[in-house]
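Mind having a look at this structure? Questions to follow.
The letters A, B and C name the chains in turn, as written, and every chain counts its residues from 1.
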């Protein structure tokens, strides 16, 4: 019969080891990438075009492509996601309507669908059916479909965490439902919404499969100038460098550099989300 | 229904009033008896009268504490208010009883037989009956004999007035007798009044509305 | 109809019934509230008193499954009629909640919230509204130099007065208060009770309280509710000196179960 104290020690040790393991894995990955990539990254690397079959030069167009992509995805996904969340959380509140239940379930399921399936959807719907062709438009629309469920989930949670008393207070003053949402609910849900959106977008920034079949290109001589142009992107760049390089020895450093840049981008976005969340929750308290 | 802290105080008050009522009746009986039959009861009546005063003061003290601490309402509030008034009325009986004997003491030297009077005897018997009836109504909280009391009150009033008139028209030879008669009938009439006040308070306590004998 | 007098009736309910899903919460309530007085509604927990006052400004409808029948007349007009503007009703009949719930905004913005959503945007006008309301709520002197501070930096009693000011800022005719002092200490409670009496100069005040002594101290008329029914209603002096109903007597003398 093991004593309670010993059991507690065992449990805690196990928990601590698990956490440590996670930390170790993260540190290992970061170390591997940083140590191999930092040497490659320089201002020139960031701002120059690829040269000589990607063996030299920079990744500027890929960076630009990813940035455009994220921006467009944000443009499409944010309004759609937040509006849906507002509808589900505020207008359909409590209504045990069949319709509402179905929509809610749908958003949960959508969040779990593999990204390649979204890619196929994008290919069929945007590229072919709507005839948008392989373009940054098709790709960002596809990515926004992928991101919307995440934004809806995060926004719903943020909206639901706003105390009911704010809504009641506003309604009791004679506010309409929309006024209540706009002035007494949304401002306080915003940090949560922003955090969720940024996290969703940072995921979209790293997606490879969907953009592969909706418009990304391995090499383009010019930057995209219209929505219907094709584009380059960081994750795909990494993919091609690691699988279809003409000279792996020379392209390896470029590869690491690209990974480094992509990771840095994702990291910065996550940090921004954390900072925003903590700043606003301090204001709330 | 659980016992409230207030109930203890209310029961204390009820107990003291019951004791006061019995003592008041005893005191007036003794006083009237001494007047009619004779007997040196001044000291005894004086002591009882003082006891009644002190019991009245005790009731006020308890009542004020209950009001301050428990914010009683409705029947509890009315009970407390009425009890204070009834206690006062009961203490007055002691005072009047003492006054009756005091009159005799002041006019000492005159033999009792010279001051004795059948009329006064009759009036005092009636007043005693009223007093006992009033205490009975208080104890039973039952108002079916209120009419009787009212009638007796009218009779006593009537007797008092008639006697005063008779005194004024036909004063007795001895001034002492005249004075003692007038004072006595006056005290008896007041005792009758207070007996009625008690019943008015009991009515308010039970029904929450005022009633008046006049 | 349990009316006390027929003059100046601000609110009247006629056979008011209310259900939350299957639960019958208000049963045939007929009450007549006199204007510019304090009316207290008391009763044990769950008797329906909060539901009753919230029926006056239709705030119960926020909760799903709410169904009403009967009428609530304000100034003679049924507010459950089809042509009622619920938003305007809630402006005219304000509600202060049990737990102070100021928005996490500045003191100024809290009070200005109401006027703003009703279309007042000029700074000068808003300033006037804010000052007037805070004065009406006896809070102006304490906060006039720090209107931009967060409302959450105020004490509990001050926050509640701020909520009252916020409700007054939309110029209501009736102020409903749902156990406004239950979260406050005695000193803050005393201030709010004094404020209730002061408000009767311009507003009809209806308070819900489970504190009988507060109802006795503060109100002109008192209603006693039990299990969704209006058991007794009358002048406060009468109710506390000599109630007609045995149930009322039992409740106020503390002889309930």
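The rule we apply is simple: a residue touches a chain if its C-beta (ideal position, glycine included) is under 8 Å from a C-beta of that chain, and two chains touch if they have at least 3 such contacts.
On a predicted model such as this, the values are computed, not experimentally measured, just so you know.
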### Task
Could you work out how many touching-chain steps separate chain A from chain B at minimum?
2
### Message
Looking only at C-beta pairs that count as contacts, which pair of chains has more of them, A-C or B-C?
### Response
A-C
#### Entry: Chain at maximum distance from chain B, centres defined as averaged CA atoms
A
### Gap in Å, rounded to a whole number, between the CA centres of chain B and chain A
96
### Message
Can you work out the whole-Å distance between the CA centroids of chain A and chain C?
### Response
48
### Between chain C and chain B, distance of the C-alpha-averaged centres to the nearest whole Å
52
### Query
What residues on chain B touch chain C, complex-wise?
1, 4, 6, 71-78, 207-209
### Message
Considering only the defined contacts, which chain A positions touch chain C in the complex?
### Response
93-95, 163, 165-176, 179, 183-184, 188, 283-284
### Task
Spell out the residues on chain C that touch chain B in their complex, using ranges where they run on.
212-213, 216, 240-243, 249, 252-255, 257
### Query
Given the complex with chain A, which residues does chain C contribute to the contact?
57, 59, 62-64, 87-91, 94-95, 97, 99, 101-104, 113-114, 116-118, 163, 166-167, 170
